[in-house]
Each structure stands twice: as C-alpha cells, then as structure tokens.
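In the two assemblies presented below, chain A is common to both, partnered first by chain B and then by chain C.
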Partner chain A sequence: MTEKSCGVLDEEEFYKCCRLLLQQSEQLRDGWSWEAVQGSEGYLKKTALRPVPAPQREEESGSHPQMHSTCNPSPQPPQEEQPVCVASSDPSSSSDELEDEDDNSCWVAENIGLMFQFEYHILYSCSYAVPVLYFRAFTLEGRSLTLGEVWSCVHPNFRICLQSCPLNAISQQEHPLLGQPFFVFHPCRTEDFMKPMLQAAQDQHRTVNYVLSWLSVVGPVVGLDVSLNYSLERLPGAPPCSPRQH
Partner chain B sequence: MADDKDVLRDVWFGRIPTCFTLNPDEITEREAEPYYLLLPRVSYLPLVTDKVKKHFHKVMKAEDVEEMWFEYEGTPLKWHYPIGVLFDLHASNTVLPWSITVHFKSFPDRDLLHCPSNSIIEAHFMSSIKEADALKHKSQVVNDMQKKDHKQLWMGLQNDKFDQFWAMNRKLMEYPTEEGGFRYIPFRIYQALSERLFIQKLFRPVSPEGNTHTLGDLLKEMYPDALTNDGEQKRYQVLIHGIEPLLETPLQWLSEHLSHPDNFLHICAIPVPTD
Partner chain C sequence: MASDISEASSSTADLKLQFAPFSSALEAGFWHQLTQKKLNDYRLDESPKCIKGYYYNGDPVGLPTRLTLEFSAFDVDGPTPARCCPAVGTLYNTNTLDAFKNTDKKALLEKEAAEIWDAIQSGAALKNPSILCRFILLTFADLKKYHFYYWFCFPALCFPEGIKVVQEPVVLDQVFSAKQIAALREAYDGLCVSRGTTAVPYFLMKYSDDAVHMAPLEDWEAFFTDTKKVTVGVYDPCTLSQHPGWPLRNLLVLLATQWGSKLDVVEVLCFRDRTLQGSRSIQHSLVFRVKLPELPSSSVCPKSVGWEKNPKGALGPRMVNLSECMDPKRLAESSVDLNLKLMRWRLVPSLDLDKVVNTKCLLLGAGTLGCNVARTLMGWGVRRITFVDNAKISYSNPVRQPLYEFEDCLGGGKSKALAAVDRLTKIFPGVNAEGFNMSIPMPGHPVNFSQATLSQAQKDVEQLEKLISEHDVVFLLMDTRESRWLPTVIAASKRKLVVNAALGFDTFVVMRHGLKRPPNSQTVSTESDSSPSCSSASSSSSTPAGSAPRVPGSSLFSNIPGHKLGCYFCNDVVAPGDSTRDRTLDQQCTVSRPGLAMIAGALAVELMVSILQHTEGGYAVASSSDDRMNEPPTSLGLVPHQIRGFLSRFDNVLPASLAFDKCTACSPIVLDHYEREGFSFLSKVFNSSHSFLEDLTGLTLLHQETQAAEIWDMSDDDSI
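Take a look at the complex of A and B:
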C-alpha cells in the first residue's frame, strides 16, 4: 500500500506528478509552466482569461469593443443569463493564455473589457501532504479582484455548498513562496475527497496522477478546467501518467 | 512543573510599547497626536488597534478614510503575522517605543491581505491552529473539538483571557507519552533581509534513534547559516518572543511553551547588529 491510498501525497511524489503533468501540458499546449523558487522548491503556474460574470458587467464595462474571444468550455459555465454559443472554427478565437480544448463551442465575450485575468499556482503543502491551489485575479487594467468578486466568479452550485463550510473554502492568504496575497482553496478537506478516488483507482489497477485528478476536482470551481485529453490520450512517447507505486 | 506554567504566562503577557503616528500624507482637519499602546506580542495588529483607529478618525473626514494599514520604516506590516514576530523581524535592536506609521489610504494590496473584519482574523487564526494540529496529531485533536471549543480558543485570544485560552489549548499540546512528542513540530523560521519568506518543513521532535531534537538540531538542518561555527563571529540572533533560547533546548519543550496561540513556533533569525 502506498501512502496515496490514504489520500495524501509526499513531497517527492508531488514533484514527480508535476513533471508528468508538465510533459502532457507541453503536448496539449495548455499553458502550464514550472516556476522554480530557490533550489528544489517551486510551483506549477498557468494564466487564463475568464469572462466577467454577468452581475459585474456594468461596473467593469466601457472599454474597447472587438475581440472575439473564447472562454470557459466547462460543464459549469460562468453564470451568464444568456450565453451565446458559437462553433469555434475560427483559430484566432483562442489566445496563448487561453486554450479551448473542447472544440465544440465557445462563449463570445463581446468586449475585451469584460475579461478577468486569472493566475493559478499549484503548490505543495507539507503540513497536509497534499497539493494546494492558489490563485489571484486582475481586471485587464490591473486592479486586483476582491474576495467578493472572486466568489461571484464561482458557479452558484459550487458557491452554495462551499460557502456553508465552517471554514470558508476560499480565503485570502499569503502565498508561502512569494509572500503576496493570493486566494487559496483550503486544503484541510483534500485528503477526504481524494481518498475514495485513489481507492477506486487502486481497486481497478488504474494508475492516476494525483495532482491531475485533484486538479480536475478543485480547478473547475474557479474556472480552471482540466482537458479530458489528459486522461483520454496516451500520448506517444509519454510515460504512464502516474507516480510509481512503492 | 510550576515553573513551566509561569513560562506560558510570561509569553502570553509579553507586551511591546508602541507609538502610532499618522502618515503625514493623510488629509486631516487638525494635527494628529501620536497614540501610545502596549501591544500584546501574541495578538494581531487589527485585533488590538481599535483605539488607534478611533483616535485618528477623530481628526479625519469620513471620505478620507479607507482600510487602515500599518508600516514600519517603509515596510508594510503583515497583520497576519503575530505582533511579536513583526517586531522581532523588523524592529528588534531598535529603540523603544516601536514607532509604527498608520495609513488610511493607498492600501498596498499586492503586499498585504485585506482585513475587513475580525472574522477574517478569526478564520486566519483557526486555519493556523488546524494546520498546526495536522502536523502534531494528524488533525485528530482539532477535529474532535466542538465548534464551541474552537470559539473558546478564539475568544481567549480576542479578549486576552489566558485561562480561557489555555483550558482548551492544553488539549492541543498533548501527545502519547511513549512517542516523546508531537508527530511533527509546527514551526516557521523567518529570515530578516532574505528573499525567502520563511522555512516551514517537516521536523520531528525525536530522532529515529530516539534522541531528543534540540533547537540547534532544527537550525542545523533547516538554516545552518544561523549557527555560529567554532572560531567564527556570531552573525545571527535566533529569537523566539524576543529572547534567544539556548540552542540545547529541546524542541518539543519549545513547541509546548513558546509557541504562539496559533500553535506555531515562530523563530526569527536576525543579523547581529554591526554598530
């Protein structure tokens, strides 16, 4: 039995999972990179543009029309009353930071001022022995979003159940490597929800990348979707995406 | 161990004489007098500075007042670090009272966490206690506590009630005798003048061979530069609550007696003053 089957991950395995995720990301070109901080430590980083949720549109609007932009292809789209879906055959509709892997649809943000820039970091918490998602967000003018604005970007279905937690699931905290304010998904429940997932994988003799599986659970809450390609395609030449079982 | 109980009291009631001065760029209707306070080392700035806020609000127009924040010699002070840690890190070896500048404008939101209410401090405090207990007892003690027990820890800190706090906190300090200490010691080593914020890793109170780990053992592994080698001049002071504990002190004892109420042992490595 590895430690994984109890829902946690040791630091070395974390780095291994990150390396594998990066290899796949490179092939899928979805923008993850590794930021090294002093020696061996570091974190995975990705930035993405997300459309501003409807209630905030009036406040943030009033800038340059144009930009036919893609946005979240998630099953939990940002809460817009009347989202417009179009087929995204136009290759110019995706920017570098913004990858739309599901090619069937995309949202049209009619106005570039209606986008937020999100920056996601995946760090390791040695206290909880799990990965932790840190993120921050800015308007395109560079103003930091408040916690309230961040919550309004969370799909209502998630919001209701997460805000009722005794310890609010999202809070502002210091990034332990950068010392700057970030929002964070509190890691104290991570072990609990990872346990059954890892157990099932073990029972079926499937190998899983802990970081990837975990990200597919927490990411969508804050608009960070994990492409199905990570799981569907066994990329040629890529090693199996799992830390070794001891 | 009557003496050890005294240590807990001494730590809890540690105070720093502080002079708060309004940032000269703030718009006031008349001159703002400085405000003096004895700050509890184990508390958090926004929790004990209501009087400071009221004092300066009196000379300001409501429209000129935004979220209050503090600065010491150009450095914005992080409210989520215990006050004693901020002092040791930025102002030890300087003349008392500690001179803090108060701001009501231009909140540096790339440096500081917002603190709109005491519930944010409470959430931060409880999240530290939870993290510490994850290290000490795999979260078992904190998870077995009831909501009112968590509240008791917080109210104890908020209202400066030593007995109320410790009646509950002692549960977080227990461990099976046969193990000789916690699973891991919750600690952070802050380095003044370093790009790296702090060191926080896994470290056990007892070695695999059964030897007691000391403060010196921890530093040797985590931050050897802080130690003085034979024949070398001392370069760093290693401070906990403003004092330099002997490097031979067992880490488990330090964790039980010199931790902050957030259950972390906050250790500051400060360059020895040159002049």
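Take a look at the complex of A and C:
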C-alpha cells in the first residue's frame, strides 16, 4: 500500500502488499501462497495448468490421441501391444513381468504433452526497489519450456503486444532464492510504467496495492491474469476500476 | 433425496466401478532438487527415500488427475499447498540405467501393497488414512546427459470381482438441495478447521434435509450408530463426470476389511471443490452407491496394481531430457541468446539476430586486433570463429591481447591460434572455435628455397582457400600489410565479405572491401569502374593504407554501391612486399596506443553487423560522413565503406573510395591471373619483387606518370 507516486516501493511495503494480496487470494482461492526461504526472505508463488496450444500439440504429444477417457476392457487402446522404447536403450525390458490387467481403472488417454504447468514467483528487487516476476513453464514431465513455447501459450494478442510494449524485457536468470534457472521480467522499466498508475491513483485519492497493480500489467504478458475481483473487493461500492494499462 | 438415487438403479445391474488413475506431474524444480540430492546427499546410496507429493480437487473440467511433485518433495515434513492433500511416497533412485531396468517392479509394488494392507488390517489406516494414497517413484538420473528416467506407481489393492455400481454417479446438485449443499460445505470447512488443516482426504458423512454432519474415519463406531445407510466422503482429484479418482480405491478395501460384514451398500461422495473467478462451488461433486464386495481372504494381501502407463498407453517408464535447462553449457547458450534478444525486443525490433549469430567468421591474425574482434563477435553471439596465426604468445602480449595470460607465454609460448580457441571455449563453451597455426604466404617473401618450402606454401595457400570458402566473413587483422594481400585476392575471387582493420600509432582504418559482383554478371560493367581511386574524406598522413599518395583527379564520391568499393590495396600505388617503404607503418602496430586495437577491433565487428543488417549485405551503398544526418539504411544505422579514426582528435571520419582498376589485389587482371593460373601465379608473386605486380597491373607506368603528383597530393591534405 503506498501513497507515493515515485514508482518504487521499499522492502517493508513490498511485504505488506504481499500480505494484503495473500489475504485477498485466500478469499478468492486463486492459489497464491507465500514460500518462506531460510531467513526472513520469501516470495509469492502461484502455479497454473494450461492446455498446450494446438500448433504445438502435435509436436508435444506425437500421434497420441487427445485427452479423452475410455473404459477397459472394451476398447483396448491400439498402442497397448507396442513395445515401449525409452531413448535408444530400453530400460523397460523387465516390465513384461507386470500384468496389465486392471479392469477397475478407466483408461485416460495420456495427455502428458497436452498440458503445461506454469510457475510464477514474485520477488523483491532491492537494487530496483520494485517487485520482480520470475516464471517458468514445463511439461508434466518437468521439462522446462523455451520462451517461445511459453509465449505460444499466451493469448495471441499479447504476443503482438510484446513486440511493442515496454514490458518485454525478459531474460533468463538464476532464481535468487532457489538457484534454478527462471525467466524474469527485467525490472528496469517497472518504475517508469508504475509511476503514472500510482500518480493517477493518488489524484483520485484511491489507495493502491502496488504489487497488485504491477502484477495486473506484467502478469497477462505471460498468461497470468489477475482477477478483477481483487479490485472489486478492495473497493466495495466503488465502480470497478481496472488498473490495467495496456 | 437419497431415495431418488435408488430408484434409478435398475439399469446398472452389471456396471463395475472404474477409477481414473493418477497422472504423475513433475515440476521442473523437482528434477533440480533430485540432482542436488544425488550429488550432495545420496551419492551412491540406493536405499529408499521418503518423498512427498500432493493432489488437488479443485481443477477445472478437462484437467488430468494429477499427483504433483515439486522441488519441496524431499522435505517430507514441509507444508503442503493450501487445500491440497499430501501423498507420501518412496523414492528408489538407482545408480545405473541397468539397475533401473532390472529393478523388480512387481516386488516393489507388492512390498508397498503389503504395507498398505497391514495398515488396513491393523486399523492404522483409520487414524492415518493418507497411507491409502502412497506412491512409489523409481528413478535413474543420468547427470552426464541430464536424462532422467522415471516410473511412478500408485499402488491399489483389488477386489477380484470388481465393484458393482448400485447407483450410477450423479452430480451433487441433482440430489442435494441448495441448502444441503451449503450445509455440506460448512460441515467440510468445519472438519478442516477441527483437524487443523485445509484439506481432509477421507471423511464420514450423515445428512438430513437440512443438516450435514461429518467426522474423521477413525470416529466410525461413534458416528455410525447403525450401518443401514453409510456415506463416506473422499477428497476427489478427478474431474471426470462418471469416475472417481484413485484415492477412493484403497478406501473401499479398508471399508470392506473393517466393516464388510456389516455393510452391504455404501454411498460415496466424491468431494470436488473448485473456485472460479472468486466463486466457490462444490455442486459438481459426485454421488453414487456401490455394493461393497467381499475379499476372498482376510489374511492374504489382495492382488495389487498401479504402475503408471507411459504416454504410449503401455506399462513402461518415461524419460525426460533436461539438458536444455540443467546443462550449464546449454544454460549459458540460452542466456547469451536471450540477452541478445533483449536488445532486439527493447531497442531494435527489426534486428535480424540469426543472420549475425549464424555468420561464420574467419579471423586472420590472433594478436591485439584478433583478440578484440573475437571478444566482440562473442558478444554478438557469433558461434563460429576460426583463427589463423603462426605466432607464439610472448611476454609482452597478454597485457594487450585479452585472450592470453602470463602462463601462456611460458615454455616458449603457446601458439596464438590454438590458445585463443582454448580461451574462447572457456569464456563460452557454446562457441564453435577452431585454430590454425599456419603462415600466410606473402608477396616479395620467396617460398622457392626448396621443394619443401614450395610445397608447404602450396599447402598453406590451399588451406587458406579452403578456410575462406568455408566462412562468410574474412577479417584481416594481421600486423603486416603484405600478409593481407593473399586473403584479399582469394576472398575477392570467392566473393566473400572482407572486413579489414589496421592500426597506426594513434590512427586506424576499419573497412569493408568492395564485394565484386558474382562472376557471370560482371561482364562489361568493369569498364565503367575504371575511374581512379578516390577518398571522399581525407586522412592524416600517418593513417595506414591511406598514406599513399592519391591519384590526381580524385574527388568526392557518394553513393558508391558495394560492388564498386575499393579494397585495402586500392589506395596504394605500390605493391605489397615493398618492405623498405611500408615496413615502418606496419610495424607501428606494436607501438600503437593501447586503446586503439580495442576501438578498431570493436568497430570491425560492428561494421560487419551493420553490413549484415543491410538488405543488400556487402553490396550496400557506402554511407559517408555526410549521411550522418540522413535516414539510416539499416536498423543499426550507417553502413560505411571505411572508418578512419584519429585518436589524437578523438574523431572518426567515414570515407568511401572506388575500386582501383590497377589495384594490386582486387583488380580484374590480378583476379583473372589468380583464377586461371592458381598457385603458379601466386608463387610468382611471392617469389618476385613488388615490381611484378606493379608491372602486371600497370602501376609501374602510372608511377612514372605521377611522380610529381605526390607533392600536389600532400597539399590537398592540408585543405581538409
């Protein structure tokens, strides 16, 4: 929560904004959680599952049928008899000892390639004094996606937006708390686009959750939508005011 | 309400209950953490380890029923995500692929099933029902290739005859009133609060028209005073409308074992609880009834199933290749690429990075200029960099040549070409660098001392021809003028882009050579190019290659297309090899101001990049200093012919000059002789004095005519 319009927020404010966001998220059940890391640090985290966009579907899933459910034993999936091949060497050679007779499970065609898991983290950047969005996406097997694959999942409009909007500074970095590679929105422009938003809010005597307002701008670029309910709930009776600035 | 259910049951006489199996879902962080554990904790320890996953009953329709493992899976006592149910599992991480293959999967399953069975029989599962949702994970981590083999098993005990559905599944709001649904939600939330958790995997339920009561499994005896009507609730991760998820399966075995003798029909609530756009709903939960079957024996563990099918639908393991996100070398590559893309996204949207990154660069010379050019090329993400140099690293080199260190000078010094490759690879393993420790034959430097020297020279020429053919851009970065002649001729003949950099004490020239038109199109046009060389902007007399007297009649030229531009030798009216006249200039390289090589090396690469961004590449019209105010021809700006820098004035000019028809390197007569006679022509050049080339091109004649012009030219300089 900040009344400043200078475009940045200090660390204490950041945590305060996060706590408020979490309280609302708990109400809205949209999955934000606080991940504490040794010491006092931590970050906001959210995961989401998203269907693989159609053009990528074929590459990802090969010729596998799309997700549907059939029931044993009547229609046996045709692939059942095929030998399993994992890489060049086949570690499954001993699996023939396993019986594949389970009349009591319904066979759900494999959809491993048809869903991507997204992981979003919000951290505080001391050097820029702004929140930073880290994200990565992966298959259900845990294979991380390239940025191109990530974007192909995002609504096509945003891809156009990405060419022109000032937020498209995405690079790859080690997560400062986890030490694993993540994509990150470079925070160098954050202050610039936050400043007018905060100024507008101040002029209208609205209180603004910096993290929430910021998230509503950067989130959609990588498929992370912020529910309008956040702003509705904060201002009961007030006209819905979307902080989106696209 | 419940009576509605039983009336519809007649048609379901033979329907057997079928469960939707879990799909394993691994987060990227899980594999990172497994790698850390394997490297730091487990090492060669193959003993089973306890891990934790979770499942969720709030997914929108269409999502697979997942059991998710994230990076925190190894922290069994850690928190479970809110409103998710934990599932505890056993990790078997083998040390070899063979061990992975040869692990007795059936035995693993039976061992786990026996433990579940024990807990069911002893009643321990009532107190701790999460044991009903255990899993096995068999893994092999190939940390050399970053390939991870894995196979999940979700053990389920089986009723041999299956489970008869008495009442088919219907969604909750078909059988419960809005009031009952609200009461159910409240009762579940109350149960969560009383259990101090946000999700309860299994619960008992009683309901009337206006009230719902819930209790944990262990309270069975107190909760169900009579067993005529028993409803059990299961936190159900499945989203299918006709099937319950896996967690119900072992619960039914538990019920049959504990109360089978008293129970005939059990009502099941598959509790599904999702929130969309801030509004929570449970009315899509499923309700159905099953006839609880008898188990054949109360002491023998029932048959069990549960190994997960792979994407092909067959029982088999999976493999995921994570080299892209784990191999440090691959990570460095993608980070470098992304960093460059950042420049494109933010500043130069039309930048064609692929053109730059995929350009194959041949660096002739791995000294001060070569080192700086290589580093700048790396900065641009260029992957293919080849060095040619015959020198060894000496003690004076490392301070000026940023690819070498003191150690490289010891023991006589390493070969520059090879040491440069080693260093590039250390800086960025993704580079595809190669080094050739070889000499470049030079005019006026005879190679005919013996048959051996002659055939060595022939080999060197062939090697150089091959290298130039294999690359897209040739950088001339040597410290002698003569050594630039042969590559200039070969590259001109092969129509390769040449970027040339040469240093004086405080002046430099960076230039692109004119790119001759493809051979077949170059018919009559050369006639019109016969105007003498010119330089649109003048330079101080200490500039290399620009120091030669200019020809009378030179004037300001603009808009010279790339194919008419001159080469390094076009401005010279003496052939290379004339050591007495030019040696002093070339030798100045070693005494140039230290910053000069960095400036010129960087400019050479930036010039190449700008040329590549021009739609016409090397044929692009030369920009001049006058164009600095105009609309630039590329997204990166101007594409000059030459950049001449004067460090004393901290100034650069952008002259452009025409190809000289009597040029000793790029004139048609020289190229024609080279193309027709090959090495025999070249060896004549090497073995003869400079007059051979001057005679061939007609320079000798010109020389005599213009002896007097030198003075005139000097005065021309002063006017600028």
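Assume the second predicted complex is superposed on the first by the 161 of 246 C-alpha atoms of A that agree within 3 Å, B and C clash if a C-alpha of one lies under 4 Å from a C-alpha of the other, contacts with A are read in each partner's own complex, and residues count from 1 in each chain.
Heads up, the rule we're going with is that a residue touches a chain if its C-beta (ideal position, glycine included) is under 8 Å from a C-beta of that chain, and two chains touch if they have at least 3 such contacts.
On a predicted model such as this, the values are computed, not experimentally measured, just so you know.
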**Request:** Kindly classify A:128 by the partners it touches after superposition: chain B alone (first), chain C alone (second), both, or neither?
**Result:** first
**Asked** Thinking of the overlay built on chain A, is A:224 touched by chain B (first), by chain C (second), by both, or by neither?
**Response** neither
**Prompt:** Looking at the overlay, does A:208 come into contact with chain B only (first), chain C only (second), both, or neither?
**Reply:** neither
**Asked** First (chain B), second (chain C), both or neither: which does A:150 touch?
**Response** neither
**Request:** Count the residues of chain A touched by chain B and by chain C, then name the partner with the higher count.
**Result:** C
**Request:** Return first, second, both or neither, reflecting whether A:186 touches chain B, chain C, both chains, or no partner chain.
**Result:** both
**Message:** Just checking: does A:38 make contact with chain B only, chain C only, both, or neither of them? Give me first, second, both or neither.
**Reply:** first
**Message:** Contacts for A:176 in the overlay, against chain B (first) and chain C (second): which applies, first, second, both or neither?
**Reply:** first
**Message:** I'd like to check the shared interface: which positions of chain A are touched by both chain B and chain C across the two complexes?
**Reply:** 144, 146-147, 166, 168, 171-173, 178, 180-181, 186
**Complete:** Per the touch rule above, chain A residues touching chain B in the complex are 37-38, 126-128, 144, 146-147, 166-168, 171-174, 176-181, 186, 188
**Request:** Could you please specify the touching residues of chain C with respect to chain A in the complex?
**Result:** 16-21, 23-32, 58-59, 62-66, 71, 81-83, 97, 100-106, 109, 140, 147-149, 156, 158-159, 162-163, 240, 242-243, 246, 249, 275, 277-278, 280, 305, 307, 309-322, 324-325, 331, 334-335, 338-339, 342, 345-346, 349
**Asked** Contact residues on chain B for chain A in the complex?
**Response** 78, 80, 109-114, 120, 123-124, 126-127, 130-132, 134-135, 139, 147, 186, 195-198, 200-202
**In the complex with chain C, residue positions of chain A that touch it** = 26-30, 33, 47, 49, 51, 61-62, 64, 67, 69, 71-72, 77, 79-84, 86-87, 89-95, 97-113, 115, 117, 119, 136, 138-144, 146-147, 162-164, 166, 168-173, 178, 180-181, 186, 227, 229, 233
